[in-house]
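Two complexes, one shared chain (chain A), two partners (chain B, chain C).
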Partner chain A sequence: MMAPVLLALIVILGAAGTVLYLASYFWGGLLLIAAIVLHVWRVGLLKGSGAVRELVRRSLRSAAVPVFGIVMAILLGGVVMIFSGYNPFVAYGALFYGGLARNWHISVLNAAPLIFTALSVAFAFKAGLFNIGAEGQYYLGAMAAAALSLYMPIPGFLAIPVIFLAAGLAGAAWNIVPAYLKMKTGAHEVITTMMLAHVARYLSPIFIRAFGGDPSTSTHPYVTTRIPEHTMLLRFRAFLPEANARLHTGIILAILVALAVYYLLYRTSMGFEIRAVGENRDAARAQGISVGRNIFRALLIAGFLAALAGFNQVNGLDHRLFENLQAGYGWNGISVALLAGGNPVAVIFTGLLWGTLDAGGQYMSRTTQTPGAIVEIVKGIILFLIVARYIYTAFSNWRKRRRSRAVNVATAAADAAGGAVRGEG
Partner chain B sequence: MGNVILETQHIVKQFPKVLANDDISIKLQEGEILCLLGENGAGKSTLMNVLYGLYQPTSGRILLDGRDVQFSSPRDAIDRGLGMVHQHFMLLDPFTVTENIILGAEPGRGPTIDYGAARRQVKELSDRYGLRIDPDAKIENLSVGLQQRVEILKALYRRARILILDEPTAVLTPQEVDEFFSVIRGLRESGVSIIIITHKLEEVRAISNRVYILRRGRVEGERETGNVTTAELANLMVGRSVVLTVERTPHEVQPEPVFEIEGLQVLDDRRIPAVQDLSLTVRPGEVVGIAGVDGNGQPELAEAIMGLRPVESGIIRHLGEDVAGVSTRDRIHRSISYVPADRHRYGLVLPFTVAENIALGYHDRSPNAYRGQLDYEGMNGNAADLIKRFDIRTSGPEAAAMQLSGGNQQKVILAREFSRKPTFLLVNQPTRGLDVGAIEYIHSEILAMRDKDVGILLISLELEEIFGLADRILVLYGGRIVRELLTDETNEKEVGLYMMGGKERSA
Partner chain C sequence: MFTLEFLTNLLSATVRLSTPITLAAIGATICERSGIVNIAMEGIMIMGAFFAAIFAYTTGNPWIGLLAGVAFGGIYSLLHAFATVTLHLDHVVSGAVMNVLAFGITRFLMVLIIGHPGTTPAIPMGLGRYRFAIPILSDIPVIGRALFNQTPIVYLGFILVAFLTWFLFKTKTGLHIRAAGEHPLALETIGVSVYKMRYLGVFISGLASGLAGAYLSIEANVSFTEGMSAGRGFIALAAMISGGWHPIGAFLAALFFGFADALQVRFQVLRVVRLPEELFIVFPYLVTVIAVAGLVRRSRPPKAVGKDFMIERSED
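Presenting the complex of A and B:
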């Protein structure tokens, strides 16, 4: 009797705390802490103290590498600053004050599209695929969202869900060709999706001219007309008066989608098949799992997820489609996904981290004259130190699988080297 | 025959878990063709990699021209006149023959390459050894046989006196094999000494002067090819590696067949027939053993039965219905179970948990899932039962399959396949690489399935295993069943003879 009530309380506290915190009501953090404490207590209640210890140990262990990476990167970034004549304490002070407090809303606005594109990359990752062209699907989503918002007569309450789905489907459709080619001919998705990403990017100016952008007028030559009010995502200010005026609820959608992706991957038979194909397609096939079908649907779902970033930008932030959008969310999503080790829930946090570093970096360079490039250095080091772990395990797996082949390659290299020595002599 | 040019003395190579070479001493004489014969995993490739400087031996010596040598890298070996042609060629496809041959040893001054001289040298080499090839052809336009020729020329260009070829005919068509043999003989005439690594008996007979037979890391014997029979070679190679303690008790066989194959033809990856006109019948409650030397169509047959490889022609009938065109998934769900030979590649998803591996294939139904949603409680509960029943040593259903020992990994596969109440069971080399205890357990489980009236087709390279489990023995040679024998009315010698090509098949 007690347990379900407790669970409901945890969920409510957690949800409320998250929403408040994201809207810069920082006391929402207290609710989050309370939810976590209650959760630990609940685990102890249901499964005993051993389970609590196990839970704490597991959480600490999974946090160890990322925290280590971040701390090291900050230290190393500080060293770089000292050597280039900047005061790291002043700079980092501004970075964290800007990113986590003063301009937290910008961090959140940055994070939402990153979470969508990173989920896309992470999802494909689980199927053993590299959806490097998330940027293209992002553009497609943005174009579809803008077109529907402007020209489809959809009644108010239906507008958002319909556009959300349609934008996603546009991104999924954009991946049909790479998915089909991969399935039938083995054409590598890295090549095909990346090429299509460039196609999508250069489609957008054409699209904008078709939908209201007029290069002959001096005002707003490269944007579409503004989308109607009822197609805009709800803003936090609608229910939290002190929230920043631009802050919209796309981040909430992103978090919900991340949870849905986690559910799909780890709690459904379909996700099981996709992961099995990703980990060992021969064994999956021998157990009757269709490799082609799972590759196909994994790439389409990845396209769907990346396109939601475009929906988020058009219907949440900009309310129109700019040429070039804010380019780069697709590419940066790759870093965010790698950082999260392909875990959809971890993507929420790495997305927020990246968003924070970007927002804080801008604030830092504005207020302290420390160049924003330093933030890129810090990001690079974090990525390296954390991803290195995955590279390491991936590498050792690869080495095991390909041992005989590696031996051959080494021989070939040595053959060539040996010959070279003789050639000189 | 000339002097001993290369010799190993008491070579031992210990890997963390495997003793790959155990006191191997071989001699290569100048101007001879020597074969190293052995099954997969017998230690042939390890020995060659030791000779070629890729591995350092744990102990033992290598003598070249009677003098002690140590190769710390392939470069040392090349400098001393050793050349190696790997099974997978190391060629750059878009480059020409000449460019590939001179790569790393380009003639010319400084940064420039004297292509004229290079072409001349390649031409000269190919004339001298009778290895005809167009020096300007691009590798990607050459047949596999010609690519191999380029690899040989590459070694000769680096002045190899000793040529080591690893499974040289594995990728060749029959016509290419004949040509390859004449090339090798030509090389011998020109004074090159040659070592060929192979598991094909016919090849040993066709080409070599002498042969060493390797098994389980040891030299099982040395023979002059001229006075050894194929049967003797096979017996040395297959040997008595399985210690059988499980007693095969008689069991009544149901008359109505559960599984039949008629006139099956299957192609291998090179699109050459690997299984031809093969027919067999398995009845409930019997174990039918397929005996044969490795490379006679076993993997292709297994894959065709499971729907993993297309059937060129023929009928595969399960419970009276033709399933040749049915998907793997449907075959599994109509109670055909499969224990694959390579458990890491085809049997398990190693990063998955034991429970997830047991669920694999049945991951969309009870007890593993309900209406498309995984039921981890059911999955883990089922796995826990099977862990107990099959005595799988693991920390629990949620341990990663990767963490288990080989024998326990095989038990996970057995638990998965045997618990699905199969009517027909295909078992391919179920005890490969396992220790005696695990072998005994797996054998007794297979016999227990037979006693439950399951029809079992056992493919094995180990004759002892076939004799220990099978009621009937079908001998597979060159992709055909050359002989059917009753286990109780034959012996290993007779089966071994048919495994070599069955000269008396009509007898």
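Presenting the complex of A and C:
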């Protein structure tokens, strides 16, 4: 009776808290905390206190890896700073203040495209594929979004959904060739998508020149004209007066897409098939699952997701297409996906973390009078984060092996003892 | 237009442009023959290029730079060996992290040593200045002038192709490396450590990729620029596959990619057809895709490549 009402309350609190928090209303965090407390209470109400204990233990365990990784990385980064003559306390102070408070909106702006590209890489991972060329699909998405926004007479309310879909489809189309080759000849997608990413990068200047460029800017062959108002993504400012003027709702879209990807992977038969192919191709084939078809599907969906980052960049942030559009989201998306262990929901958090470190690093370099250098240290920390996780997996592998060996020894001992007992009797 | 002069220059450029790809590709061949997938060549090349330029810049001696590039390429590749062989991590994931890491490390060190990211100052003396014409051979028209009037690392590349082919197929260690990639269990059974062979395979690949990086920064150019490998590590991977996991095959495939690149530059300069220049730049990348797609079916990878090998030691 009370349970559905509670669930609705949790969802509403969570959603409102997320939107407010991301729009720099930090008290939105209180709503999020309230939602979490209610959720725990609801679990206790429905399934008893044992379930609550289990839930808490499981969340703590899944938080252990990332927290350990982050702490390790920060410590290592501090050591690097000391050795290269910077004060880690001042630097980290600026980093966290800049990334988490002062320039939080930049962190959020950074995170949105990273979440899209990381989702793309993570999705391909689940199918046992490595979409290393997400950068190329990102460019394609941006070009398609710009072309449609500028030249397609789409009525107002339809514009955003149509452009969203078309940009994604452009990225998916860009992956048709690697997907087909992978399916038919086994050509490795690491090579084909990577090479096509280089091709896509060189297509954007051709594209911009073909569309004339914007004569009102000094760099006009390298940037298109501004897209019309009705094709721009809604800004937080429109309904929250204190939000930053540039902060757009792309991040909300990214989170919704991440949840959709999670649903697709874990709640649909298509997702099951894709994961089965990723886990073990032979076993999947034995189950009657078509390996080729699922590889094809997975790479196309990965292309779709990466291209959404391009849509986000053009229709959300820049409102025009630059030749060198904040390149690197595709490559960084690989790191974000690896950091999240390929989990689409975790990608939201690692994407935000990455964006925060980038924004904080910029703030740090601006305020601490050591331009460039400190940002690079931050980049170093980010890389260490991955390595830390790396070491952790290896460590847990090693421990698992040790434990299984111990179990083997124990059973062997027990067998021997049993044999001795039987021998006696 | 298609004079003898043009042909000679085209061939000469082909050899020059293919050198880094050749070096990385033959290294990768050894590496994959030992059973380890290596997509980290891009990163190793960047490391090699960076350290070669830094050492050549600070000491003023390009030969020391060359050694440093090779050495740091080798050292850095050991990280990949450690991750994949000892820690049993996924080869592709490790390679991807190695690439990201290499960009970060070089960028950070560059800010630390030079003071800014981007490009290092020009080294006082590049290896490109040491052009040797091999006496009699270089007098052969076209081919002789293209092949035997080159710079040091280009020659080193020729020598390495021959040497590594001999090493892989005619020596006992080479046999063991191949066995580690085909049937690791059999190798372990005859008492040879698969781990050691795989470490060796990755290390050789690291040395070769480091040399390829040194070629880029101190022979073909006179400074290190961030991201200067521009996908060559991946083109080398394609060359290795197209070459059927054989050093000679990899060399020929690399020459082909070098040819596509040389042709691209010439088309762009000659303006044979009026097209945006970017369309020419992407030509080698497209050729790579086509080559991988067309040739992959005929070549067979080592049986155990990419497969983790773990020895279950029993405690008795």
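Here is the rule we use: the second predicted complex is superposed on the first by the 361 of 425 C-alpha atoms of A that agree within 3 Å, B and C clash if a C-alpha of one lies under 4 Å from a C-alpha of the other, contacts with A are read in each partner's own complex, and residues count from 1 in each chain.
As a working rule, a contact is a pair of C-beta atoms (placed from the backbone, for glycine too) under 8 Å apart; a residue touches a chain by one contact, two chains touch by 3 or more.
Treat the numbers as computed from the prediction; the structure is a model and nothing was measured.
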| item | value |
| --- | --- |
| First, second, both or neither for A:A284, with chain B first and chain C second | first |
| Which of chain B and chain C A:I191 touches, first, second, both or neither | second |
| Chain B versus chain C as contact partner of A:A8, first or second or both or neither | neither |
| Touched partner set for A:L256, first chain B, second chain C, both or neither | neither |
| Touched partner set for A:A63, first chain B, second chain C, both or neither | neither |
| Touching partner for A:R267 - first (chain B), second (chain C), both, neither | first |
| First, second, both or neither for A:A276, with chain B first and chain C second | first |
| Contacts of A:S84 with chain B and chain C, given as first, second, both or neither | second |
| Overlapping contact positions on chain A, where the chain C interface meets the chain B interface | 405, 408-409 |
| Chain C to chain A touching residues, read off their complex | 39, 83, 87-89, 92-94, 96-97, 100-101, 104-105, 107-108, 111-112, 116-117, 230-231, 234-235, 237-238, 241, 276, 278-279, 281-282, 285-286, 288-289, 292-294, 296-297, 314-315 |
| Chain A-facing residues of chain B, complex | 45, 49, 52-54, 73-76, 78-79, 84, 86-88, 90, 103-107, 154, 158, 306, 308, 327-333, 338, 340, 345-352, 356, 359-361, 363-364, 368-369, 372-374 |
| Footprint of chain B on chain A - complex, ascending | 266-273, 275-276, 279-280, 282-290, 404-405, 407-412, 414-423 |
| Touch list for chain A against partner chain C, complex | 80, 84, 130, 132, 177-178, 181, 185-188, 190-192, 194-196, 198-199, 202-203, 205-206, 209, 331, 334-335, 338, 372-373, 376-377, 379-380, 382-383, 386-387, 390-391, 393-394, 397, 405, 408-409 |
